[in-house]
Every structure is written in C-alpha cells, then in structure tokens.
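Right, one structure below, let's go through it.
Each chain gets a letter, A, B, C and D, in the order it is written, and its residues are counted from 1.
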Amino acid sequence: MPGNSFGKLFKITTFGESHGPAVGVVVDGVPAGLPLDSSDIEYELSFRRPGYRMVSPRMEEDRVEILSGVFNGRTTGMPITIIVRNTDIDSSYYEEIRFSPRPGHADLPYITRYGFANWDYRGGGRASGRETVARVAAGAIAKKLLMALDVWIAGCIVSIGDVEIVDEIVFEEALSSRCSPVKPCLKKYEKIFIDMIENIIKVGDSYGAIVQVFVKNPPAGLGEPVFDKIKADLAKAVMSIPGVVGFEVGLGFKYAKTKGSSVLDEIVVKDSGIGWRYNYSGGILGGITTGEPIVFRCAFKPTSSIRMPQKTIDLRTLEEKTISIRGRHDPCIGIRGVAVVEAMTALVIVDHAMRSGLIPLVKIPDSIADTISNRWKRYRELCMHMGESQ
Amino acid sequence: MPGNSFGKLFKITTFGESHGPAVGVVVDGVPAGLPLDSSDIEYELSFRRPGYRMVSPRMEEDRVEILSGVFNGRTTGMPITIIVRNTDIDSSYYEEIRFSPRPGHADLPYITRYGFANWDYRGGGRASGRETVARVAAGAIAKKLLMALDVWIAGCIVSIGDVEIVDEIVFEEALSSRCSPVKPCLKKYEKIFIDMIENIIKVGDSYGAIVQVFVKNPPAGLGEPVFDKIKADLAKAVMSIPGVVGFEVGLGFKYAKTKGSSVLDEIVVKDSGIGWRYNYSGGILGGITTGEPIVFRCAFKPTSSIRMPQKTIDLRTLEEKTISIRGRHDPCIGIRGVAVVEAMTALVIVDHAMRSGLIPLVKIPDSIADTISNRWKRYRELCMHMGESQ
Amino acid sequence: MPGNSFGKLFKITTFGESHGPAVGVVVDGVPAGLPLDSSDIEYELSFRRPGYRMVSPRMEEDRVEILSGVFNGRTTGMPITIIVRNTDIDSSYYEEIRFSPRPGHADLPYITRYGFANWDYRGGGRASGRETVARVAAGAIAKKLLMALDVWIAGCIVSIGDVEIVDEIVFEEALSSRCSPVKPCLKKYEKIFIDMIENIIKVGDSYGAIVQVFVKNPPAGLGEPVFDKIKADLAKAVMSIPGVVGFEVGLGFKYAKTKGSSVLDEIVVKDSGIGWRYNYSGGILGGITTGEPIVFRCAFKPTSSIRMPQKTIDLRTLEEKTISIRGRHDPCIGIRGVAVVEAMTALVIVDHAMRSGLIPLVKIPDSIADTISNRWKRYRELCMHMGESQ
Amino acid sequence: MPGNSFGKLFKITTFGESHGPAVGVVVDGVPAGLPLDSSDIEYELSFRRPGYRMVSPRMEEDRVEILSGVFNGRTTGMPITIIVRNTDIDSSYYEEIRFSPRPGHADLPYITRYGFANWDYRGGGRASGRETVARVAAGAIAKKLLMALDVWIAGCIVSIGDVEIVDEIVFEEALSSRCSPVKPCLKKYEKIFIDMIENIIKVGDSYGAIVQVFVKNPPAGLGEPVFDKIKADLAKAVMSIPGVVGFEVGLGFKYAKTKGSSVLDEIVVKDSGIGWRYNYSGGILGGITTGEPIVFRCAFKPTSSIRMPQKTIDLRTLEEKTISIRGRHDPCIGIRGVAVVEAMTALVIVDHAMRSGLIPLVKIPDSIADTISNRWKRYRELCMHMGESQ
C-alpha cells in the first residue's frame, strides 16, 4: 500500500533507490508565488551531503533539477518535482553480500515482504539513507515558506556515544552548528566530537547520537486535538527517518521519572504575551503549540554497517556465516541525520501552519514573498562557504 | 482541519467531550463476519475504567451501545458506531476555574486556537482523558481481529516515578498485569507500586510512569518503507495519547549512547525460522517487522492536576493567581494509560496487517471466524472478574 | 476498505442501517464559532423526509440528537456527531424476500461482497435511501457555513419521466421549489408533476427524474487542477447518491453533439467584474469555478421497487421466481433526491472553499458568525411551515 | 491544497506543465513482481500521441524514462516514477495572447486562483491536455496489473457531433477501435468519422464527441458502499479529464426519462453463474459491480481552441478584443481522449480490485506474473504497428 507520501496540505511523495537513476520528490500543495530556485534546495542538501571528512566518503554532487511547478523563479501552485541523479554508484560490493543479509539492516525484512527476486539490493535500495535526499529537498521548500511566519528551525548533536552536552543551549548556537562537520549544540564540544569520530573511524566502529531540535517563534495554537497532535505528527515524521529509534518532547522520559510537584510549570505574563515559565512541555500542551519554543530530541542508533565482523546466515544454505561490512558508510549517522530531522520538522510545522490557515493555501501575496526572500537571504548567509570550511 | 481519524484500512473516527452527552467512535473498514457484541468492548473498557482504588474516583459505568455495523452478532462490513454515554458528570468545579487556565493542561492552547467563547471547558472537554474511551473501544475490535493471526498485545508498567523494573519481563506476566490495579510488568513489584500510589494520593501529588508494550507473534514483513514505517506509525499512535511525552523502540535511547560494536545483533536459524539473536531493534528493521516480538516503551508525564498550589493568571485581569486543582484525577495516569497504549498498538498492527493483505479486507471466512472466537474466549478468561478483585 | 467518509477539510463519516438503531454522521473539520442547533438540521431534513403525500409513506420523525462538538449553541471545532434514531421500522416483509434478491437493487452485490450470513437485509440495510439522512444532516451544516460567502444552493426537478421543463429557470424559483411536494424548477409545472405522480402511484409503477442544481454566488477560483477539479468532485458526490446514474455540467451531453463554433462563449466585463456571456460551461473551466453560477444536472433512475411483478431467482434452489415488491417506497425517488443532491453539492463547495482558504479553517470571527446567522434566518423563512402545506 | 493524486491503494501523483521540462507520474502502491518495462508504457502512450493525421500536429516522441521502482524488469514494490520530456515546444504564440484569456479555457480561472504573475501561460501550462500523458502512463501499469484478473478495458467513439452509432457494439470491435485514427466503436463508421474530421479541419472548427467504455470480466462485488461506489469513483476519474462535461452509467440519462416498468431487469442463471438479463445498470448496482460488463459513456466538449474568431478582453485595459486561436490543436479532443478515459477506468478498477483484496497488495506470485505476461503479450499484439498504419 502507498507509504511514500507525507503531509496533508503540504504533501510530499518521495521516490528513488540508492543505485537507481535518481532520487526525488513531488511536493504538492505549495502555494503559488513563493520565490524558489534550485540553489535554495542545493543549499540545504549541502548539510546532509556525504563526502566530507566526518561522514561517508561516497561523493555525490547532488545537483538538483526542478522538473515542474516553478516558472520564472516563482512557484506556480502546481506540484513541484525535484530530482537528483545518482552519480557516484558502485554496486559491485552488494553483489557479493546479496545472499548474506546484514543483521542490523532492512535486507531480510525487504526480502520477506517483497520477495528475493524483486529486491533491489544495490546499496540498500530504497532503504538506503540516500532516500533522505528527497526529504531534505522538500524540507528546503518548507523552511523557506515558514519564513512567512518568521519560524526558524535548528537541529544539533546533543550527544555522541556516552558524551552528552548537559549545558543550556541557545538557539543561535544550535543554528550555527550546521557550519561544523560534527554539528555540536555547543561549539565548545566540537573538538571533543571530532576526536571521537576520527578515532572511531580508525577502529571501524560507529557511534549512536542524540539530535535535539529547536523551533523558534512557533505560532501558538498549531495542532489538531486527538490524533493529529503536533507531538504525534512530529514523532511520526522523525521516527520515519532511517536509524531513529526514540523520540521525546520537552522533558520527555525524564518527565516519567518525576512527581507532578517537581515539574509544575507556571503560566505567566511575558513581554511577548502570555507564556510559560519553564516550558517543561517543550512548547506543546494537549498536542497544540503553546507559543513557547518547540523542543524535542531523537535517538539515532549507531550505524549498523561497521567493519567489525558480524554473524549472519547464507540464505541459500541457511548456514552460519561471518561478514564484515565494507562499502562507504558514516561513522555516526546522527550527524548527517541532523539535516534530515530538521527537514521533517519543517514539513510538519508548515503543514500544520497551513492547516490552521496561517500560511495562504493558494497564493502568497507579493509583500509576504518579499519578507520571505529577505529572511531567507539572511538564513543562507549562515555557512555560505560550508563546503570550503571542511 | 479534520484530525479525529486514525488508520488507513482499519480507520477510526472518534468524537465526544468529557461532559457532553457521549463519547464514541466510528470504525470503518472492519471486514464482514467478525463475531462481535458489546460485551467484547466492555471487557476492554473495564481495564481503563476509572472508579477503582488506584485511579480517578470518577464513576463511569461505560455501558456500550452499538449503533451500526453489527447484525446477528457479526460485523456486516459497514461502519461500526459505538457510543458510551457520560453519566457521572459534575461540571461545577470547572465553572470556577474557567478563567484560570491550568499550567500543565490544554486549557490555554484550546482557548488560543478555538476562541474562549467556543471552548468547552467542562472537565477538559475534548482534551480530557475521557476521549480515550473511544480508542479503547475501537482497540477491542482490532485486538479481536488480530486473533486471526494469533497476535497478542500486552502492555504493563515498567516504572513509576524513579522505581523501575530492570528484570527481564516475560510476555505472559506482562499480559496478566491487567489483573492488577497497578499493572506492573512483574507481579513482584505490585506491592511496591501500590504503596507508592497510596502514599502519593495522601499528599495530593502524582507520578509519571513508563509503559512497556510487547506484541507476540507479529507477522514478519509488516510496514511500508519510508513514511509509514511500523515504528513511525506506532510512534504517532502512542504520542497522540494525552500525557505521553516520549517513545522508543527496542533499545531506544540506550542505542544512541552506544557504539555499533556493542549492539551487534546476529541473524540465526531458530526453530520458528530465520530470526535475530538479541532483538535489539524491538522487532522492527527498516521500518518493517522482523517477526521477532515488537517491544517499545512510552513515557507518561505525571498527572498535571494535583492538589498542590500552582501559579497561573486570571484571563480577565492578567494578574497572577494561585490555584489548587480539585476534581477527580488519577494519581498516575500511566496506569490507566496502559489500556490506551495497548489499544493504539492494536490499531496500528491490524491496519498494517490489512495493508499487507494478511487479514481479509472485505469478508472473514467462517473458519477464521471460529478460530478468532476460540482465541478470544481464552483471552477474555484472563481477569474475568477484574472488577471484583479490586 | 473504508468508504464511508467524504471531503478533505470538511469531512463527514456516515453510519447506520435502515432498520438498525440509528443513522448518523460525524462531521470533522467544522471551524469553531458557527452558531448551530438541532433545529437547523431538522429544517433541512424536513425536505427529504418521507411520509408526505408525494413520497414514501414510511413515517419518520427524524428527531436529531447532537452528541458532540456543539456547546452553548456554537460549534467548538471538535467533531460534530448527529444521530437520528430509526423509529418506524417494520422488517417483516424483508424476511419474506430474503432469498429472492430484487433485480434493480443492491441485494445480490451485497451478498456477493459481504457474504449472505453477514448481510443486513432489513429494509435494504446500509444500501437503503435511509442512509441519505446523514448526508442531508451534514449538508445543513455545510449550507450554513457557506452563508459566510453568501453562497446559496438550489436544486429542483427539471423532468419527471418524459416531461421536461425546457423554459429558462430563475434561481429564486428553483430555491422556492422546496416548498412544493414535487419540487418543480418552475411553479407552473407543479400541477402536471403532481398528476403524474398520483397516477403512477395508482398503477404501482415509478418514474425517473432529472434534478438540476444551481449554485448562486460561487467564489471564482475554487477547485484544484487535475484530479480534484470542482466538476470531478461534484460528479463523485452526486454519483454516490443511491439511484443516480448520470451527471452533466453546463451544456453537458448537448456539448458533445455540437461544433465548437456553435458554443463559443465570450469573456465580457460585467457590473460584477469580468465574466462570461453565456456560461455554457456551467460556471467551471479547467475544473475551477469562473464565478458564474454553477449549473449541473443529474439523472435518477425510476424507483426499482414497484408493485409490478419482477423475475428473480430463489437463492436456495436457483430456480426462477416472480416477486412483487411491497414495502413502502417512493413513486419517484428523484423528488426526495433533490434534498440529497443539494446536500452533496454543499459539502463539495464548502470543502473547496476551505481548501482555498476562503472560509476560516479553525475559528469563525464573531462578525462573520453574525452575518451567517442573519442570512440563515432569511433562508429558513422559506417554507417554514412546509409540513403543514402538504 | 494537494489535488494531483488519485487512488487509495494504487495511487498516482502526476506533475508537469505543457512547456516545462517534463511531465510525469509517481505510482505508489504497485505490488512487487509485476513484469514492466518502458515499452509497455510507450505502447499505451502511442494511442494518445499527437502528431497523427486526425489529431493535433504537435509532434511528441513521448520517450519514457523510468526513474525508480523497477529493477531487472520487475517492479520492486517501491514507487514507480515515469517521466516524459517535453521536446517539441514552441511557446512564442502564447506570449502573444498572454493578456487575452481564451473564453473556453482555464486561462482566467488560473489567473484568478494563482495570480497573473504566477501563471505558466505557455501552452496551457498545467491545464494543457499534455498533462494526460501521465495518466495514460500510469494507466498502462494498471491495465497490465488487471490482466491478473483477466479484466480488459476498451473505449471507443460512439458519436462525433450529431452522428451517433446506435447499433449494438461488441467488445472485441470496441477494443480494436484503437487501431483506427478515429477510434469508432464500429468499424463501419470509420470512413464517416474520418470525413467529418477532415472537413472540420478545413474550416477551422471542432467537434464534440461521446466516448463509450466497456470493462470485460469485472469481478462481482467491487466497490465500497456509500461514497466510494464504483460509479462515483468512475465519475470522478472521468470528469477530471480536461474537456469532459458529462458522465452516465448503463442507461444513464435515458433511465431518467422512463418508468420503472419499462426498465425492469431480471436476475437469471447463466452459464457463468447468476447474472442479469439486460444489464441496464451497466454492471453496477448499489455502487457495487454485479459481474456483468461495466458500461459507461462520457461527453467531451468540442475543442475550444478553434481558428474562428472569439471575443475576449484585454486584461490590461479591460477592453473588448477578438482573438483567433492558433497553435496546434485537435479537431476533436474526444478521439485522443479515448486513451485517457481508458486509463482512468483502469486506475479505478485496479484500485478497487486491490481494496477488495483481489490483487495482492504487496507481492505478485510468479505464477500470476506469468499469466499477466501472457495476456499482456496478446493485448500488445493488437495494433502493434499503429504508428505506421496512419
């Protein structure tokens, strides 16, 4: 059954396999009049791109082609189709392990579900992290559209392995983490994280990580009661990312270990209006945004593909077999995951902003388009030369 | 925008407010031929019913009326509508705090979103936990239908406050936890949890809790790649429950703190077929079930409504105000939450089983209907006299 | 698979069987702040109610109970559930013909699809026209909400059997047709139609009919290109009504019989803005409203249930059998169908008005609520004493 | 709001503008294991391709590129993306009439809805018939999958202008109509239709047409009661095609002009099982297929783009203006429309076959794949050399 679409009013459908001709996305529901060109999308893609020092050595240029929905530099209200060709493909290794499903991967579930003969085993096929290019591309449009409401989204790494940042984190520092190859929530952790990654690469192992996301200036009142609560839609969005195994909002699991009296929040009058003193709930109550910053975290498991030997079976003989996974892999997928988590967050927030009528559903007035362009320009000045800095 | 429906092929739409005439649900997509009567639903409702010693003293009989979709004791393939009248209603207290939004509640977000004049403030209105009656009612049908595949679902309390069960948990013990007023994953913790709850009631405080869920015999190959992954749909389902603030599958957040080499799983041949040795991933890889038991946890925050004084403002004057929340509330919503988490789990699993064609979409053959009836009978013999035992 | 919901932003889910406890509807997506009470709905139901001279003699009071979503006379933004109990039930006749499927009815398809044992054969079960009570009830809310845009909908009978009104029809006369038992598009045809109906009743036969619908003041620019064109959504809405077998918009089938040069329309400047001289396209071009009145027609087949003998088979023996259908039936279902077609039209238009952001998705400002109330009052003054007039 | 997707289980999303880089479609929900390559799709596209004698002189090669979802000649269960580049583009004429909206076209509604500045006016943009390439491409997959059930779909022209075929039509002749440039339901009308078209081209006018569709071997029991009736979904599918203004099933509008006694059908025992003697209802009762052939018709209006002068206004001055539409257009869009109507029919039938569990949702067994291949081969032998024959 179809499962490749996400969103109700800002709706994306992604497609493409790791070693097929292209990956891409159709974005349906973008109002007309949004200034957009391929460089907007390539800018965002640059933050999940493999090939840099800290991440997978697969080199993808990720050149974007827009096939529809944009005319004269503005969206037309029609579906926007973006494709990115797969260029740096080497499938030879996968031929070798085709009959030896990797224990921490989707290999065996795909074979069970779709049949061995129909399984595109090359590079993980559809289950590859390559699929997330499409999410980040769509997220770029969502982020740009959210500039209409001055909503900014920043994700960053709050822990790698057992090293966790416990200091308070400021939004601006979280935002500028994208300029770093290890995307730490606090700059002062950059060196520590870089050392950890370089060492783990040497031994052929990998690290898990926790990503924390902040949404600045979320409108109050977003979210549908009952099933389409903001916290529920964020959870689904983020848990749909390959490698994510946990999600928590506000105090999250810490909440569950406390007494009510220890986590009493207070409603207070602030300069900006009525608000909450501590924002323990991460900006969401009853599934609806309070207007306080949205704060959540998600857990990435360690990359399953490591050089160390792993036990599996040979599907032809059902005999035990030990494999060592080669190919090109991230030492810590959480790092590149930051861009993907941000994208999914943007998709949820923009969808709900439209569901609440806060962003025009059909056509953006010129004045708002100008505001968007100005804010977006400022946003893109962050880490313009990111590639070089690494 | 509509947000009161859940599921694609087994689709529920819930309705009703805490102090309105009734709460209820329409279940669309149930195949014809499933044996069903109101006692099946009342049985499940008995596990979330307030009025017992350990939970809220609101007394609801929760008498079920089936308005459509069942004829001669079998489903007809038409939408099944279930309503439960609200009987033990006392709205007087809410009149008193109408202008004093409770800090940990949905009051202020609802007012912001829908307008003060349109807000049904009585008993939390739609944001009340009362809404979950509809989920559990629908979940009863889902659970019964899952008997066709011999799938069993058990939730239980793995921690209350800072007391956590760390021992290994066996499915059968988790399942029989429903017979206990504190639903502990291990019987030997019952006394400890009961003491904690009784003490917290005395001081007018509340506890958070963690619920763990096991799904036994899940078919391998369930789940759609990309967005409708089983882990993503479970996350949404569970995070949509009032009071849930975190979700993790398998090792969850622990995964994120480790190295890949520490959590290597192994594919092995078992009596039952190919499987995984450790099931670290909680029965899900690539978003698809592996056939190993599904295991996940979720975090309930402590009940926000406690007797202890809380600071808020008076909406008319914007002046500070201290309130102490009366009314009838649970000392630990996680306990009644177990039944709701189980129901949401059943809804996700049955939906995906239908999406994979493992349960007939239109009509259940008589032979399968008989199998269902037999297994269900066995299931209902668990804690038949639950009411009395408390 | 679920098929009992309609609409994207104004979404209804209907339920109930002809001889079950109740029929009803959940309306999800209605913004908060719409003044609403049960008399609004009963007013609309009065135009499809059986029991009058020209239609089926089944007597239904159609007392409306609102179970959720309305508080203090206004909608709350929560799902609105409306039920109507079935009171005048006589299932005895259906027992008699249970094994003799009626040739022009859904009996045999239901049996094939859902299984004989699961078929609620009483009064047509879910396939009965009784189901349309739920549509008209939901349509009442849609019509009222459309008053925000001053959109008015009028359906009327343009032909019964081979007698067709060929004169030009004025909106106001179409609207007031509801006060007549035969709902003629022009008052001067009332006597002719009444005579036809009375005669056909005497001989135990039935008539087909064509219903024409006018939408006054539709906003220009409604409709989504490609699949969710207004004409496509109207077609689905109307063709989903029991007994409807054809749909055409504007010149419809006449268009197909012409040359392009004969049906050239002209874009002209009118007092009200840019418009079309002839409106051949019925107010829709490219699937989007032009701002001209929407005009379409639909064909109702003659009631299949007639007293005249019909050939069928006995399902137990597969032998030929002749039945004569008793029970209580309309001599021309198109007449009561008018109210249902209007309701479906209202559902489509309001959904698209919300999809285009022309009606608030979440909350109606007080000033608009007042405008709605005033226009609605005027609307309800049409045929207030309808019951008596017959 | 998104409106570019169609279908529930076999779900397509189309994209692309007439003069943009490409048109295309993502098909989500196709089970794994279906043999498929680009020639299957090009075969179907050949029947709607412009450039032949009887239709628009725009020359499009319609080379298909499959970007995803197919591996080693079989579908993988992943979304299938098909693009067709636009090659023969000449936008110069449209620059000229940009401020002179064409009266029978979507120009003005698009401008109203999306804003003049955001309107892709080149060749009709998204409103162009070019969009239907994507429908036919997706329809090819649907048709091939329907071979699993031996379901065959044939559309043909039953009338052009006021010349209507009244003889009885045989399925095989309807099917082979695709080999003719005018696609007549009966071969003996080919010469008449060709003469009509050649003459109308000379005078620069156009004809309307009626298309009739037959579905052979539809399974009995397809369709969801209430809103997703087969007749309703077909109506939406067909009415969403550019230029279609009417739809009727079975006797259609003729039904409405009759008495019930004149159109009594009879349930009888046939060799193939229980059936209906006359099939007046076109194979659908209660919205569910009866097992008799599905028969419906739809009305295409005459091509609005004709050389004859048409009155419009200049948008800059609001002054009257007379235009004569040049560009490359069909003398009778109904002819190329046949392929599109067939495609939309296939999409509806395959979706409902999956909704009823009659086609595997996830994976096609090899034996069924072989059956499909054999039937499809036979199907493709019809008019293999179609291009040449014209």
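Definition applied: contacts are C-beta pairs under 8 Å (C-beta built on N, C-alpha and C of every residue); 3 or more make two chains touch, one makes a residue touch a chain.
For clarity, every value in this text was computed on a predicted model and none was experimentally measured.
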Winner on C-beta contact pairs when A-C is weighed against A-D: A-D
Fraction-based call for chain B against chain A, same above half, different below: same
Distance between chain centroids, defined by C-alpha means - chain A, chain B (Å): 28
Intercentroid distance (Cα basis), chain C paired with chain A, Å: 46
Mean-CA-position distance for chain D and chain A (Å): 39
Junction residues of chain D - those touching two or more other chains: 1-5, 8-9, 14, 78, 113, 126, 221, 225, 355-356, 361-362
Interfacial residue positions of chain D with respect to chain C in the complex: 1-6, 8-9, 14, 101, 103-106, 108-110, 112-113, 126-127, 131, 159, 161-162, 164, 200, 205-210, 220-229, 231-240, 242, 244-253, 255-269, 274, 276-277, 281-282, 285-291, 299-304, 306, 308, 310-313, 318, 320, 334, 355-356
Complex contacts: residues of chain C adjacent to chain B: 1-5, 8-9, 11, 13-17, 20-24, 26, 28-29, 32-33, 65-69, 71-72, 74-81, 83, 113-115, 117-120, 125-126, 361-363, 366
Touch list for chain D against partner chain B, complex: 78, 221, 225, 355-357, 360-362
